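Take a look at the structures below.
One chain, chain A, appears in both complexes that follow, with chain B as partner in the first and chain C in the second.
Take a look at the complex of A and B:
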């Protein structure tokens, strides 16, 4: 079942490339201290290496503080991927719990939860985040994950609720109820496995979105605090110098684009593979 | 012998956009231990709603009238909630459905779906549950039960899937099995196999069975008694042999006439004119009168009572009324 899903997901060349990119990023982030040529925070030579163009020593060049850009981008992948993976895990958990509660309870509980979600969805996410994060002078990784996670489960809860309602209409659910299956087992054995597909797709697509949001926040100056390398912050810091030193903005920007596109292609491929009508 | 299931005055309606749909209207019947009762009728006559209301499986939109009584072993199931209700479902009353392929969860193995029911009602460990599940697969005639235990539903044929459903239903040795069109979705040869399996198991385990079908041929070989439903009501109930020999209600007669027979040469198979009216607008008087070939004048205005026509036997038709000879 699972092996079959992987084969179908990676059927197209696009998906294979996306999978390769995502694996490379994850591996690179994991092995950052081993593979990076320089310390991402060390100012190597403020006189000689300030804003050095890309070269064999510094593939992506250096920034205005003579820090190696390649090393900073690889370490930046750590932050981006960690923030994205953890926030998405949190948001998927919240969304699944709320969606399950709404879909299984029905009636007033359902109506109340879904109106709450409607209300929360009506607030633009970036503005909501800016307002919440403005309360803290210094933003740590756990805080950022927490805030991103609890502000991005709204869509997922709706999706899960809809899937739960669909599963409840299917005859095997009635059959399981008629056999006296307990509510816990109904959720674990019958509801969750059948809503897992859409949840996985939502998670994969969500990672790309969160990376964009995190970069956006860093760009606005309310991301992870300096000097921790973050792609959004790197672009923000290069605003005044990018005309003369294009590499300071181009490579972090490229990193964001490639990562987001890779996750989104992979999410689409997963969705197609999970769609029973496609096979 | 005490009655196992006693349904009295079951009335269920749905409020739809097109008005109130009276799906089941005053249905009463009983099932004794070990007995098979057939519930027969066309699509839309209320058979399935009747079956689902016994185990309280109807969704929130269905409204069961307060006067309805569903008594099982002396307990009104309508008063049970939560754990008490769950303890009846699957353990004392089990149910099998029309479409075996849809009634099995596609993402779980067959074995897990059988052991799930065992775990729900019995305090047994994983190993014992597995042994019992394999025994059950063997009991319902599935070859290589050890292998099939790990199979997913889509790896089995429709007939095998229905055998698995039967294994799940029988896992906790229920007193009553409700079979809702158990063979409708299967090939004719497989139908016969499943029916004979059900018959053998029922005798072996001594359970009662409520067999719901639109096929009179199915009940002929299986049921002790038959109730014929039309328009949300039981229009005739009789011991099987008597029902086939001398149907009292014109609807039963028409259903029997619509079965193709080898010993009667006809060009055209007689069909019942028209179709079942929607449950939102039952005709006045007798609900069958617009389609009835023997209708009397009063049929359009006066609804007939259930007139007794012998032991265990009644018909809801003016023709069966004792004063029929004196009637206008």
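Take a look at the complex of A and C:
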């Protein structure tokens, strides 16, 4: 089943390329200290190498502090991918639990949880994150993951809740309940298998979206502190100098685009593989 | 109006009551959401360690007695419950607090900038729908074709672009490189006042081009993706097969039958895209120094301006809730199936 799913997901050339890109990025992020030509925060030569254009020595050029952009971007992938993967894992867990709770409990609990979701969805996501994070003196990686995770589960919870309600309508549910089957077992056997597919798709697309949100936040000055390289912050910092050094703005942005496109393509491919009639 | 005959025949009066009840319910729901948002923002912003004056004092090094005075002035030394009740009371009268950095009420600062945000976001949305929906419909109608593939890749890339980065790239190319459009602000501060009425309008339009194009391009990518799958779902339905069976031309089927049904979801999308659009506006306004509420948020982050951040969050939620209300009403008008039964 799993093997079959992988084959069908990677059927198209587009999906194969996306899978290759994602694997390369993940590998690059893991092996960053080994493969990067320079230390990402080392100021190589403030006089001679300040804002050096792309060259054979510095493929992506250097920034205003003479730091090697390629090395910074590879290290930036670590932050982006780690934050995204961990936040998505957290948000899926939260969303599943809330969705199960709302769907199984019903009544007032359900109404309360769903109104809470409505309210949280009414605040534009970036503004919600600004409210939560703007006044922290320093933002650590765990804090960022926690906040991104607990502000991204709304869709998943709706998905799971809808599935629970659907299962509860079915005749076998009443039969199973009257036969004394435990709720845990019902959830495991009848709810989770049905939502697993949509959740995997949402998670894959979610990684790309979280990378965009995280970059947007760092662009606004809310993110992992300097000098740790982060793609969004690199773009923000480039605004002052980009007129004379376009590469400082262009390459970090391209890194984001390539990563997000790759995850989106994989997410689409997974959806098509899980639901053949969608394409 | 093909659906006319299938509609339950409401007597006029009864129908009016239904409409009134529907609107009243939606309104109560909307107010409840805004109340919840106000409560959430109040507590969420206070989860950060310290108080706003302490974080501000990092840069300013405020003496302790001045800080105590400031906390007292803004009521920040009171117990949390009292602060919360006072905050809700103020909110009910439209008072969102006082801005440290602008030295004036937050409500005034926000109100002054809302028109700029609405112009930018409105034009962005118009571009996004105007381009995204037809493109997505064509893709869905001709799914699997070369055109569809090319457009799928294009919309995917647009949808995956960090909106602020696209803005910077357009600034570099069309503003600084080619010198075609201004790259910051809503007007030219030097020459604007000396221009004729037409000249001033033209000045404003020139300043709008790049920010609106940025916002519209990313939105169009998302909408095309959505419209493509909505169209795909429609074209396999029975009434399309029936239309084909009747021997209608492809054009007639597309415009008279498929598009009409497939456009319905994009009304919902009008409500759904609104929050995303405002998130995007925060970033785009920051890049282009556009004097709207997004730029205000950015400035107030840097200035550690507590009440401006909570105020903009609440105002943006009100805008979203109103947008959803409009979408609900539009849907109600457009699709008889969603109307409440008598």
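Everything below uses one rule, namely that the second predicted complex is superposed on the first by the 261 of 279 C-alpha atoms of A that agree within 3 Å, B and C clash if a C-alpha of one lies under 4 Å from a C-alpha of the other, contacts with A are read in each partner's own complex, and residues count from 1 in each chain.
By definition in this document, a contact is a pair of C-beta atoms (placed from the backbone, for glycine too) under 8 Å apart; a residue touches a chain by one contact, two chains touch by 3 or more.
Predicted, not measured: the structure shown is a model, and the values here were computed from it.
Asks: Which of the two partners, first being chain B and second being chain C, lies in contact with A:220: first, second, both, or neither?
Replies: second
Asks: By the touch definition at the top of the document, which applies to A:194: first (chain B), second (chain C), both, or neither?
Replies: After superposition on chain A, A:194 lies in contact with chain B alone.
Asks: Touch test for A:127: chain B only (first), chain C only (second), both, or neither?
Replies: After superposition on chain A, A:127 lies in contact with chain C alone.
Asks: Once the shared chain is lined up, is A:43 touching chain B (first), chain C (second), both, or neither of them?
Replies: It touches nothing on chain B or chain C.
Asks: Once the shared chain is lined up, is A:170 touching chain B (first), chain C (second), both, or neither of them?
Replies: The answer is first: A:170 touches chain B but not chain C.
Asks: What's your read, chain B or chain C touching more residues of chain A?
Replies: Touching more of chain A: C.
Asks: Looking at the complex, which residues from chain A come into contact with chain C?
Replies: Within the complex, chain A touches chain C at residues 14, 115-116, 118-128, 130-137, 208, 212, 215-216, 219-222, 232, 235, 238-239, 242-243, 246, 249-250, 252-253, 256-257, 260-261, 264-265, 268, 278-279.
Asks: Within the complex, which stretch of chain B touches chain A?
Replies: Residues 55, 57, 60, 86-91, 94-95, 97, 99, 102-108, 112-113, 116-117, 119-121, 152, 165, 168-169 of chain B touch chain A in their complex.
Asks: Within their complex, state which residues of chain A touch chain B.
Replies: Residue list for chain A touching chain B: 1, 106-107, 170-172, 174-182, 185, 189-190, 193-194.
Asks: Write out the stretch or stretches of chain C touching chain A in their complex.
Replies: Result: residues 32-34, 36-37, 40-41, 44-45, 47-50, 52, 55, 58, 143, 153, 156-157, 159-165, 168-169, 172, 176, 229, 232, 275-276, 278-279, 282-283, 286-287, 297-298, 301-302, 304, 306, 309-310, 312-313, 316-317, 320-321, 324 of chain C touch chain A.
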